[in-house]
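Just so it is clear, A, B, C, D, E and F label the chains in written order, and each chain counts residues from 1 on its own.
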Amino acid sequence: MFSVTVRDHMMVAHSLPDPFFGPAQGLHGVTYVVEVTWYRPELDEHGVVIDIGAATEQLGTVVGELNYRNLDEEPDFAGVNTSTEFLAKVIADRLADRVHAGALGENARGLSGIKVTLHESHVAWASYERAL
Amino acid sequence: MFSVTVRDHMMVAHSLPDPFFGPAQGLHGVTYVVEVTWYRPELDEHGVVIDIGAATEQLGTVVGELNYRNLDEEPDFAGVNTSTEFLAKVIADRLADRVHAGALGENARGLSGIKVTLHESHVAWASYERAL
Amino acid sequence: MFSVTVRDHMMVAHSLPDPFFGPAQGLHGVTYVVEVTWYRPELDEHGVVIDIGAATEQLGTVVGELNYRNLDEEPDFAGVNTSTEFLAKVIADRLADRVHAGALGENARGLSGIKVTLHESHVAWASYERAL
Amino acid sequence: MFSVTVRDHMMVAHSLPDPFFGPAQGLHGVTYVVEVTWYRPELDEHGVVIDIGAATEQLGTVVGELNYRNLDEEPDFAGVNTSTEFLAKVIADRLADRVHAGALGENARGLSGIKVTLHESHVAWASYERAL
Amino acid sequence: MFSVTVRDHMMVAHSLPDPFFGPAQGLHGVTYVVEVTWYRPELDEHGVVIDIGAATEQLGTVVGELNYRNLDEEPDFAGVNTSTEFLAKVIADRLADRVHAGALGENARGLSGIKVTLHESHVAWASYERAL
Amino acid sequence: MFSVTVRDHMMVAHSLPDPFFGPAQGLHGVTYVVEVTWYRPELDEHGVVIDIGAATEQLGTVVGELNYRNLDEEPDFAGVNTSTEFLAKVIADRLADRVHAGALGENARGLSGIKVTLHESHVAWASYERAL
């Protein structure tokens, strides 16, 4: 199995309004260093999993939809806890949707899976992995 | 599959008294930067794999049992080579035992696996992964 | 010249309400990985610049005053842009005040300077350095 | 499952002569920080996956065959795009060949798999994983 | 003293045709992770050393002049060893020229110095620091 | 001012037998990731501060004198607390002695200073800087 990973980041505000989260209940913020890994059993006709430039551009587009936002005010996230693992899934699903819509071209149909990791600090991170 | 990882560290002395280990046969020491990853197929009722604060606290407790010790004098490790991979298993098993004993609450029963990685330097690390 | 550095982090919300900051004008958030470096020309009677445990504890206290907050609502920061470099100075000054108030003991009087670095992502950080 | 990872690096020139690669079509260069992970279901008689010293030595040998080269002039790579993911496979296969040829001793027959990751920058990397 | 640092990278080929450099005499390549630090004794009217977005853009422009090149064919570098420390000075001087030419605006005149660090691997880097 | 930095590591046991150090009083251990920075106002005749290969070799020699040791049994350190900052000075002084003894050649006389940083974990490090 081959894979390619690219990294970007986003800086968002949010609250986790559930007593379960203790000091993170109030409005605070986070830099997510976002890594997306694309999996493919065999390399494509160009000898790659996915062009690193194209992968970086797609990630930038999806991250740009959330960057510099207050997630508490995003209609898409109304009533949900925007935990790190939840947001990893959001980004993975949005990237998968883009692949299925053809944003990465016909060639991307050979991609078999995707994993998104969000680092919220140097000591904590979360991931979500799914098939394509 | 979702996962959450938290990081801590411990500073221990030990020897690896087997000619196989060359210069590491004598008493020396190591800082292990310890990462524990918790896996869960579906998020829990709070929208997380495990609360990062609780995960950090559990890891701190297990790491605290070994930190600042000379492992050659630990009764639990008598007669075994306390290699990095062996210690990764020790920490994973102790964390698994804590889950099974309820230290992480009823909710932690949805956790499916755990992986522990011990970084012994910027150029070498070892992992152990198991089901819960 | 000797120095000792310790690292912690904080997760805050803020806005930078000045058109100069473009997309960062709105309410967003950031994880600051905070590093504080203590300088001392000669080691103290214990052979250190400052005990790493004590340095970590002091940093944790100062970081704890800001962690999980919305800085836009902090009275101390009313009317100022809470830029990364401004916050580096806030933390350095608060740590210096603690030293001068004796929180680090008589021995800390031998410390000559302090530098605080705030990493806002893997690609940007800011520092402030001052004498003690 | 246990694993051990060691890290080295190599500095090579190459071109990717396919319009698909845009600015990377011309002759340029790259530092690959190379990580190789060895997998083993059970620890060997010494209590390890593989001796970290031996793993480092084997990786150094394979990396040394490519380090400081212009890959465009390597007969082994004539007519292929030496993409990051392709080179990850080259290194994994060469290490697997060494294991099968006995370079790591009889004991290495218990190894079940290998994964090679090549970091081409702080924001992009590729991997290849295979059975042994 | 305040400072702000931003990071980018470039991937170049070059040779160091001097027997002094041993295996690096031949054509090879390198990824330089480039960090530029801007110094300023007092914050500007916006409360910053330099806008991180503007600093990133300026660095991107200067790095873009070298990225994906074979430095042996750059007229500017004819007859010189394009060592890591030499290239750090090239980037620092080009950024200083841009400041002096007004690319960063009137406000940038308060900047007092600049330091450029080029990481050629996880185990080696070089810097050049100068006044503005 | 130019500088070049190279990195290595060592794994040692030691105790800090002074109640001041709390849990670090007993025999424990540490991995020191060691960075040495060489300073030089002007590049030498080869266009470098110091050859990175030679710098790496010299650091390897000095680190090799301490690696895999129990520092409590080193005659050179009898009666002293082998704190991280103390060991940074030991390594800097030993490297300076090597320069003065000619181990780096006549050319090294242009070096003006040296800084040694020892990382004891991902959250703590110490440095010592001196003239040459």
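Definition applied: a residue touches a chain if its C-beta (ideal position, glycine included) is under 8 Å from a C-beta of that chain, and two chains touch if they have at least 3 such contacts.
Values in this document were obtained by computation on a predicted structure and should not be read as measured data.
**Student:** Taking only the C-alpha atoms, how many degrees of rotation bring subunit A onto subunit C, rounded to the nearest 5?
**Tutor:** 180
**Student:** Given the pairs C-E, A-C or D-E, which one repeats the contacts seen at B-D for over half of the pairs?
**Tutor:** Interface equivalent to B-D: C-E.
**Student:** Note whether the interface between subunit A and subunit D is symmetric in residue numbering, meaning over half of all numbers used appear on both sides, and answer same or different.
**Tutor:** Different: when the shared numbers are divided by all numbers used, the fraction is under half.
**Student:** Write down the chain pair with more C-beta contact pairs when D-E is set against A-B.
**Tutor:** More C-beta contacts join the chains of D-E.
**Student:** Measure off the straight-line distance from the CA centroid of subunit B to the CA centroid of subunit C, and report it in whole Å.
**Tutor:** Chain centres of subunit B and subunit C, defined by C-alpha means, are spaced 31 Å apart.
**Student:** Centroid of subunit B to centroid of subunit E, CA atoms only: how many Å?
**Tutor:** From the centre of subunit B to the centre of subunit E is 41 Å.
**Student:** At least two other chains touched by the same residue of subunit F: list those residues.
**Tutor:** 7, 24, 120, 122-123
**Student:** Any idea which subunit E residues touch subunit D in the complex?
**Tutor:** Contacts found on subunit E: 7, 9, 11-14, 23-24, 26-31, 33, 67-70, 120-123.
**Student:** Would you pull the subunit C residues touching subunit E in the complex into a rising list?
**Tutor:** 18, 20-22, 24, 80-81, 83-86, 88-89, 120, 122-130
**Student:** Over in the complex, which subunit B residues touch subunit A? Could you list them?
**Tutor:** Residues in contact with subunit A: 1-8, 43, 46-49, 51-53, 56.
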